[in-house]
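Structures are listed in the sections that come next.
Next come two complexes, and both contain chain A; in the first it sits with chain B, in the second with chain C.
== the complex of A and B ==
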């Protein structure tokens, strides 16, 4: 049996598990409460596994290792920030948000500050962040099936969109909570097993001399198969065995690649001799060892301002998590404020365990499989490395396991996103019930499918990093000030949401279309959180100070609701 | 040997018991009765008490943010001042990998556990205070 078909079976099994476990939830899901927040009675460990399962997306499962391989260990700030975001969430919002007892962020905004217009503005940003975050998941699915099975990009996108949309429309959130708790464990196993096996096969990481002042080399004679036509740069002349279309000529046999740019067409194979330096695809920066091991973002990037870039990434990821709507909606499924805190601590532990492993793939690939720098497919390193380093059938089996984990990642994150987007449409915009929710899920899935087909060329982690920047510049100040600052008014909140949201979105769109590619503009536009987050906070504070009359009349009872410990709460009679 | 079966009461012989729904969410709130009333009735203390609780919790939050900043966020600054640090090895791993790839996660969990303990203690003290009033 070929590697492709083992992988296909693994992906189908994970998809079936998702649908079956989701279907088990259908019998319980009946009321809008069930659909949106799983009737608020999920115990902390399962809820924590579900939150982690939902959170570990394509960006974490594939993107982190790819980014580390491509840009160096400074990119470890991405997973560190993704995890540390939960510490900020714990410190600033977890318990009060749960105690306030609203379903969604727009619910919180209107409940705390009392203005329907604020709810509408907040809903718009829930939709923006949700759909934006959905795109990298769909891209990941397209890429995974392309790498494993050779299907066209749109196949993976369509499969993911259809499975997730039908699952959500049928079961809502109750089913999703079980599915995601299961998927955390699938993902952990799928990344930990190959990582540990690869460390053993490679003879340990401790011998790795990564910091030597030279670009990566092929340690043995290596065949690089090119799946998609790529332009690459050769630093020093090298004679390879070529089979296929190189520089627009069909070559069979030895070929000397001169220093400079070359193009190799899809389907071609190049065999590099042992000890030769690995060429790099256009757009992949060749780095020597000492800048690759630097713990700063953009190290070794001329005019990259590593310190500023690192801090901007830290601001976006540390503060972005607590503004992600699909994560926050999960906190209402905790029993009470104390359970919300405990859940968050467990999440931090579960994420910490998971994030030990992506770096293993990046380090081993740099040492043993630098052909990925040539093809530029660094995002697929987790998928291809087991197969590249282990030639027996076990390499295929580990590759299939990774593929299953990757698909679990796309399925669970897009499920959570779709619940949050469909919930925002049905609950906040249309004020409908279960039927409206189902219809909105179908519509939201269709929109995601169409948009997902357009993002084939964007980097996984860049797309996700931008969502964090927008979330950090909008909902983070809204929640932090709404919970801890009594003088916040709805006018100030809208001013901050618009200023932070629009400025970060504009900066990101400018980067996407290629404005400001070097120096300070690339840092401040490509990673805007460092200035858009303070801007949003200042706008909310000034806006509120100018409109003190707009403070809600029953401010004290709102604060009571946010901060009063459970033991003092009046018993709310059960609704049923 | 025959065991006498327990007598089955005839259907509808006695009024059906009142159906009571107990949600698990209510179980953590069984002391609500006494304290909740005390808190609501003394509304002249209510706002003062509440603001003291919010101040205490926010102070705790700020302290822990400062701790996190000290532990983690100072790292890029330290490394850019002492670039030789990045070329060191810790337990056979490159410095960046050892610190940002491994050591940072237990530190985050410890900070989170410590905060949760202290936040719950603040709430217990608050409840004791309310009880005394």
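== the complex of A and C ==
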């Protein structure tokens, strides 16, 4: 298993580098001549790379390609929304928030509306969103180690949780802008290099190939290794070479799979002849080309109401970015509101470049390696495709590169999240010091670990999309109205946070346990943002209108803080 | 890794408020003889936070759990709705209800009056006071003007009431009013034919009056009005106390304003003078630095600056000190760019550096090192200034921080200002011992409402 060992080394190297640099951080001593250098703020490009580095999570690195492969090009709305969220951030939030100087969302809530109770409510949703966002990172780690080394799912989850938690509890990885900036370039390289090489090696695609009426076929004789027991559906009878446990019988040699459902146990291998149609796992819908290339979410579902689902996803991802607890912190590093805006523009560019590449993997996999439809592990497409399409050692090396990039993604995002979550617990709920922060980090990591073990069966992007839906239904209205509407009161804000947060969370939990599998319920519960975001806005507006007396007394000075550019501030006189 | 919890070395003693954020001030870098001294202000209150409040909850993906959750939400919503609609009426015996009603009404009035006697607070408390007195109308006046009128009859009776209240305000004695006093002697149908005027006082001085009007003055009205006025006066006095406290704090802060030490001015000017003949250009540069530094320390607007500004001021200051010490003074700087924008009280870092130079390097033979560190500590910014100079006796340091010794004004001043702004648990933490150098650590929250660099 040389490929696995190369990849393992790459993963370990990335992890160690991240930890060491994070721990040493600013340990590089400076001479006094560097005073002016030291007192200079982080330049926008580096800050933008840091924001992108922290933002590009498991969902972006692995999940986008997986979801595209599984459900079609309509899923491109996820990366589009992830990037476009920064447009909303740029237009509505970035500069005023930097001017206000608030460091976290609870800081902003309390500073703008002046109510400790609102701060507590906001803190609770910081925790909910933070933990929810941790889940896909942990799932990504579990999946990656499973694919690379064949370890059980829980091993990867535990490894990531332990590494990140212990590192943070020990005091490393705090706000290290430089590390996060480097992470972005590692991730970009890790996904761009294999994508470009694969296009060169396995390219020669035509648009017509994608839109073919039939489901995908194996274009060469293909070996499918099954790592986790899977139920799959065969559309037309096919004779394969089987090794291992198929339909509860040990088979060595040719086997004809009849039309219908079959089960392959983990460890088995099936060799499909060239030209045969790829079977698909239970739960993965077989899509013909035309529905796969449809630009709408849920295009393959019957009664999936694709247009409504698409709009709902757009609302969630465009508005959800505003409310991610670990992103806001980074804007504080900007020198002023203008630098915050410029940083955001650069982030848009950096993310846009990155998101070109997952789509390449999805398209190549559909045409060249449809075996993933059988195993159902579509989220692993980025990890396995280089190895599958390039049989030489270079395939292994590219695979190792991707694995390292994926681990960089898990590490950076989950570190940022865990710091935010532990910080919110330690400072806002318990009002403790450094020691409390460490305990909270351990506790938060443990909770994440336990929850992360439960989510194996959900697509990475579904988990992230839900997280965005909750953020969009809570903090987006709080920030947007708090910045742009003078009449917001803390009572209205609490009403909106609770209504939006509880309704979106309940909808998502119901989807997770399988309530509402079809028709409108599946759309409105599975993609709740389209109704929960307006609900939260309306609740905040009505609640504020009913309690005009609760507007903060120094409203004018607060609005000035938010909106008056630094250049127009009164100049400090030379002496008094 | 910064701030690793190290168990104190046996000879090391740690002092200070137990609640101070700890972990960052144990003996570092093999300097086991140092003692950590946290400035202990008399007002520090030990706070015990219940860290066991949050327990891990595991959301099992089970429909039972969801049903329970939904049920809980429904019950909570329904319960709060019921409580909201029913209010607290119907709970307890009639006597308990009466007590509750009276105290609740009094509480409503108290909350308004706690802000002092203004038109707004008067208007908000008048209805509650009327309910307490069971009067037809109540009025609240200042010593000269009508502030609020609750109930009917403001047009017909305001002038007469105002006259009576002026009388009460000047005499300080309660007054009972009959129909003749209320300008309705001719109108037998007037509902406000009698009333009482009682003075409202604060600090022994009459600040206004409370007027209660009814159809017929019952004997009880005067008595209860007197008690209600006394209750209201207590609230007004508390409001006055609040104001006084805020003014005192402000005055203290103004008094504590960033100060530059006279030693420094003297030393800097002497150093510049020594260069005037030998190296006029250098002297000119130094004078510019001196002017820059003085200008920074005189900033009158706002008492806060960013860490970046502070570091620039420290740089200017060190330029001047280097003119005196030359190669004897070695400075190492480590700054995390994330904390540059944090707002801190003006001239926070420079006095710490000056302390390091004066007590660390000046009195030491040979080369001395000063290390200035600004680190990112999650939601706090951690600043530390460390020297390898002669150090000092921990008990002497404690005296200094308590303000009982004159030669450490800089540290005392910084410590006081930090506590004024950020609260008792954000003072200086000092580790020192004779011959072991000194390290001063400050933890500043990255964001605190009202703290903004100008």
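As a convention for this text, the second predicted complex is superposed on the first by the 536 of 576 C-alpha atoms of A that agree within 3 Å, B and C clash if a C-alpha of one lies under 4 Å from a C-alpha of the other, contacts with A are read in each partner's own complex, and residues count from 1 in each chain.
The working rule: a contact is a pair of C-beta atoms (placed from the backbone, for glycine too) under 8 Å apart; a residue touches a chain by one contact, two chains touch by 3 or more.
Since we're looking at a predicted model, the values are computed, not measured.
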item: Which of chain B and chain C A:509 touches, first, second, both or neither; value: second
item: First (chain B), second (chain C), both or neither touched by A:335; value: both
item: Touching partner for A:258 - first (chain B), second (chain C), both, neither; value: neither
item: Touched partner set for A:344, first chain B, second chain C, both or neither; value: first
item: Touching partner for A:419 - first (chain B), second (chain C), both, neither; value: second
item: Touching partner for A:177 - first (chain B), second (chain C), both, neither; value: second
item: First (chain B), second (chain C), both or neither touched by A:559; value: first
item: Chain B versus chain C as contact partner of A:102, first or second or both or neither; value: second
item: Chain B versus chain C as contact partner of A:429, first or second or both or neither; value: second
item: Overlapping contact positions on chain A, where the chain C interface meets the chain B interface; value: 40-41, 335, 569-570, 574, 576
item: Touching residues on chain C, where the partner in the complex is chain A; value: 1-5, 19-24, 47, 49-51, 53-54, 56-63, 65-66, 69-70, 73, 294-295, 298-302, 307-308, 311-312, 314-315, 318, 331-338, 340-341, 343, 375-379, 425, 443, 446-447, 449, 452, 454
item: Sites on chain A touched by chain C in the complex; value: 23, 25-32, 34-36, 38-42, 101-104, 107, 110-111, 114, 170-172, 174-177, 332-335, 419, 422-423, 425-427, 429-440, 443, 446-447, 450-451, 454, 502, 506, 509-510, 512-515, 561, 569-570, 572-576
item: Residues of chain B defined as touching chain A within the complex; value: 21, 23-26, 28-29, 31-32, 35-36, 39-40, 46-47, 50, 53-54, 57-58, 61, 64-65, 68, 72-73, 75-77, 79-80, 83, 86-87, 91-97, 99-102, 104-106, 108-109, 111-113, 115-116, 119-120, 123, 126-127, 130
item: Touch list for chain A against partner chain B, complex; value: 40-41, 73-74, 76-77, 80, 83-84, 86-88, 90-92, 95, 204-208, 210-211, 290, 293-296, 306-307, 310-311, 314, 335-336, 338, 341-342, 344-345, 348-349, 351-353, 355-356, 359, 363, 484, 556, 559-560, 563-571, 574, 576
